[in-house]
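Below is one structure, written out as structure tokens; the observations come after it.
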Amino acid sequence: MRSRARVLTLLAGLLALGLVPLVAALTQQPFYLDLFRRIMIFAIAAVSLDLILGFGGMVSFGHAAYLGIGAYAVAIPAFYGIHSGLVQWPLAMVLSGLAALAIGAVSLRTSGVSFIMITLAFAQMLYYLGISINAWGADDGMRLARRSQFGGVLDLTNGYVFYYVVFGLLLTLLWLGNRLVHARFGVVIRAARSNEPRMRAIGFSTFRYKLAAFGIAGAIGGLAGALLTNQTEYLTPSYMHWTRSGEIMVMVILGGIGTLYGPVLGAVAFLLLEDVLSAWTVHWQVVLGPLLVLVVLYARRGLWGLLPEARRADG
Amino acid sequence: MPTAEPLLAVRGLIKRFGGLVATDGIDLDVAEGETLAVIGPNGAGKTTLIGQLSGDLPPDAGSIRFAGVDVTALPAPARSQRGLARSFQITSIFREFTALDNVALAVQAHAGHSFRFWTPAFTERALREPARATLERVGLGARADVVAGTLAHGEQRQLEIAMALATRPRLLLLDEPVAGMGADESQRMVRLLRELRGRHTIVLVEHDMDVVWALADRIAVMVYGRVIACGTPEAIRANAEVRRAYLGEEVPA
Amino acid sequence: MNWLLVVEQCLNGLQFGVMLFLMAAGLTLVFGIMNLVNLAHGSLYMVGAYLATAAVTRTGSFLAAVVFALLGTLAIGMLMEVLALRTLYERDHLDQVLATFGLILFFNEAVAIVWGRAALFTAVPSALSGHIQVLPGIRYPAYRAVIIVVGLLVALLLYVVVTRTRLGMLIRAGASNRTMVGALGVNIRLLYTVVFGFGAALAALGGLMAGPIYTVLPGMGEEILIQVFVVIVIGGIGSIRGALAGAVVVGMVDTLGRAFLRPMLSTVIGPSAADNAGPALASMLIYILMAAVLYFRPQGLFPALRG
Amino acid sequence: MTLRLEAVEAAYGLSQVLFGITLEVPAGRVVTLLGRNGMGKTTTVRAVMGLVPIQAGRVHFGGRPLHGLPSYIVARAGLGLVPEGRQVFPNLTVRENLVATAANRRGAAEPWTVERVFELFPHLAARARSLGGTLSGGEQQMLAIGRALMTNPALLILDEATEGLAPLVRSEIWACLERLKQSGLSILLIDKHVGAVTRLGDHHYVLEKGRVVWDGTSAELRTRVDVQHRYLGV
């Protein structure tokens, strides 16, 4: 059962996100448009990570890899003159999904700390691959000549249009995710996290479901990467650096793992906090760091878990 | 021994952990419909035996035939699909799901693949109704919507049985079903198991001898990874070797 | 291929491996015994480097800097354990990752506040600035040679402590059965704090020796941290022996890979392709190695329980 | 020094296991806890040692309150535990197992040494350099007893010290306990072997579902066939 406080928070939050462009236009602060678009892109990445991390209990420490693959899947075609988003974006999702399936097929045979480290290892391999390919910018990365094109229907160079595209994708993801985690597939993933030996004893071959979830999460992570290069109009291998994986993971945990809206809240909180603190002092991290520690020590279910009347972890 | 092949036939089952031989060449036959109790002191290898029967532990040697098929190499999910269900010594449930959800999952496991991404599983009548019926059967009907982790210990043990039953098993492996229960709770569990007896084939590992005497058609006694005696309750009671080895008493000859 | 170069690169690999070992020893004890994933271990390495650099500039004495950095980091490590990490032992790895990630942010920024964001450079102490003759015809920087010697001495010392002393016995006993150690009258909390501080001091030793070779700057701990995780996963979590073996293997593979993979590849696939693939493959090597080890031997090369 | 439990209650999570245990181990005596599996004997011991939180009731040793204290302080007060399943350190050698946690905190005049333990268990001397995990069950049991003795306890607590052992090894353990008793050590013992227990023990408590349902001397227990049958399954 979702509590009233949560529904209200959710609706208010989504409404606020929807109204950001209006506020930005009225106050003539296009900066907000940019900031919140970035926040939503990371929210998409965080939600995709939480599908495996929170719902599936698979502590993947290499999620930035899919972000990177998605980014390259936009930038490389663009480098060779293919600017159509209808090519780039599906390519981003397919490639990162396939990479996730391959990585998952190896990693899911291990568990615990080994799993954390092996997913990290694969992401680091891709990172070093990225920084050593000179043709595609090596560690300097490359500029995106222009944002993805959608045949004149959607013009992403218009910041407002791009904003609502990202907003729409986030809403779609939350809606589809909500169906998925409650459908048979999602129930299997969640139950396998809760008690894997029991799942096997009642007859589920959990591996194939976990692997599928891994692939889905990778594909969505790839989409977030495609959006991110369009956002920054730049690509660097640092999208795949392990600290980036750590940041996405922090957003998920900060917001509340095992929920769909928690990671969104976590992305908003993390990036807003970064923004606010950095405006206040250049040494904002010296405040943010201990804050994270306090969240772990005292708000064990994340920010979403702090909302009142929370009775059960729900979508 | 009846001419028909037993439902479960175990031959020469060996499992080693380092230098320790947990099961040391076990032979067992369980006929369709009978209840076999496995008893023995702590560390005799009973739980290791259950683990090998359910498919969680690969044996080092020996074979397990179930319903006429060699299942020695099959993993646990595949054995469950063939009708072999187990309960765990330490309660093993999905704590954050409701009792009904727990059982519905067991039904779902045997209702085709679960690559279904759209319809909410917890409102599917095809899963809920058999699950509810099974809960009623074990006496948890009134507790269907309670979060499993908050059920009383005895109720969680009943839920374990319900999950095993919901897979429509041919053979139930029960690992100490009354472990850690109070007097009332264990009486309720024995009543439940007595109802299942005869309708299902049961292999029961149990310490509580009251439960064993109440349920078993036959008893196998394990010591040091071997079955030292197997027979009717009367024969086991009268067996001096069993008393010496298991009950540890210097029995007057 | 020039064999002088091979020997020199092997020594470089050993030197890098020894640095990795100093970090890995503390991390593997904390990871294996207290079951704590401490991402902030790299921060202790950084703190050690900064404290030493600051002390050298203030006093001019490298020896004083060594003592100051070791004691300072030991204190900071123990404080960190008592204030934040102690409560995380029973939590799952996720919580530990988040909290220690927060500590990384804190430490990186804290050193930036005190010493600024720009990289600091320290000179190699003058007594060690020359070269020594290691083999006929092979001269090797004295400072790097000292690092190798110090690292191997520390490894020996650790081996003696872990295998021959009461403290070492308690550490090993605690790794296998913490409850029982407590039930026999040992204050395991205090033991853990001491072990943690000890590990912090080793990380600082690595950091302060790294100072004159690499640059000292905020965030310097993160690059090496991940390599150190690779080391202990390859070696087997919780095992000092494994940490040493893993460190030398990773140090060698990484250094030799960077030095020789490109020339070797160019004889196979031609120079231009090798120019592209060589560096990429070289920097991926240790991760490929780790993935392979984990896949075939999930417990690492030297699982801790066998001693 | 007398160990005294008053109305001790304890639980694992939601399921309560002890419902008010009251018992006493007078100095120099051997007291046993009897009962079938799952009746709360081990939990009683764990509660005394501070390994299970006590929800109600009190534990005193030599007049000093021990309830609510961490296990290492309980041990330092003079309680030596030989736990269920032995739990020797598998990755330490026999000698290391003995030395690692050894202490003489209460200043015993003739403290236990490795040599004295080897004297008590000659079997162990031959295996001094073997890892604990490679020992046989009986050797591990002897090692666990030796390890507890090396903390120079005033009270030795043994949980199922003869379980799953061959009869010969079992009688060796019983003989050793007899010698320890002669030396004046108090012993709290959990065991199922009524015959041996009534020979060694002075007083016995029978537990059933977390309560003491009967207690008495060895002579009384021998005559009470009904108690033996009803609660011990003999």
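Just a few scattered comments:
Read from first to last, the chains carry the letters A, B, C and D; within each, the first residue is number 1.
Everything below uses one rule, namely that a contact is a pair of C-beta atoms (placed from the backbone, for glycine too) under 8 Å apart; a residue touches a chain by one contact, two chains touch by 3 or more.
For clarity, every value in this text was computed on a predicted model and none was experimentally measured.
Seen from the C-alpha centroid of subunit A, the farthest chain centroid is that of D. Note on interfaces B-D and A-B: more C-beta pairs are in contact across A-B.
Distance between subunit B and subunit C, defined via averaged C-alpha coordinates, is recorded as 49 Å.
Subunit B and subunit D have CA centres that are 33 Å apart.
Mean C-alpha position of subunit C lies 44 Å from that of subunit D.
Not a single residue in subunit A touches at least two other chains.
Shown for subunit B are the residues in touch with two or more other chains, of which there are none.
Multi-chain contact residues of subunit C (touching two or more other chains): none found. By the document's touch criterion, interfaces exist between A-B, A-C, B-D, C-D. On the subunit C side of its complex with subunit A, the touching residues are 31, 37, 39, 84, 87-88, 91, 93-95, 97-99, 101-110, 112-113, 222, 226, 229-230, 233, 237, 275-276, 279-280, 283-284, 287-288, 290-291, 294-295, 298.
Interface residues of subunit B, counted against subunit D in their complex, comprise 18-19, 41-44, 150, 152-153, 179-180, 182-183, 207-209, 224, 247-250.
Listing the residues of subunit D that touch subunit B in their complex gives 12, 14-15, 17, 36-38, 85, 133-134, 137, 160, 162-164, 170, 192-195, 209, 233-234.
By the touch criterion given at the top, residues 54, 56, 75-78, 80-81, 85-86, 88, 92-97, 101, 105-106, 108-110, 114-122, 124, 147, 163-164, 166-167 of subunit B touch subunit A in their complex. Looking at the complex, you find that subunit C touches subunit D at residues 166, 169-170, 172-173, 175-177, 179-188, 304-307.
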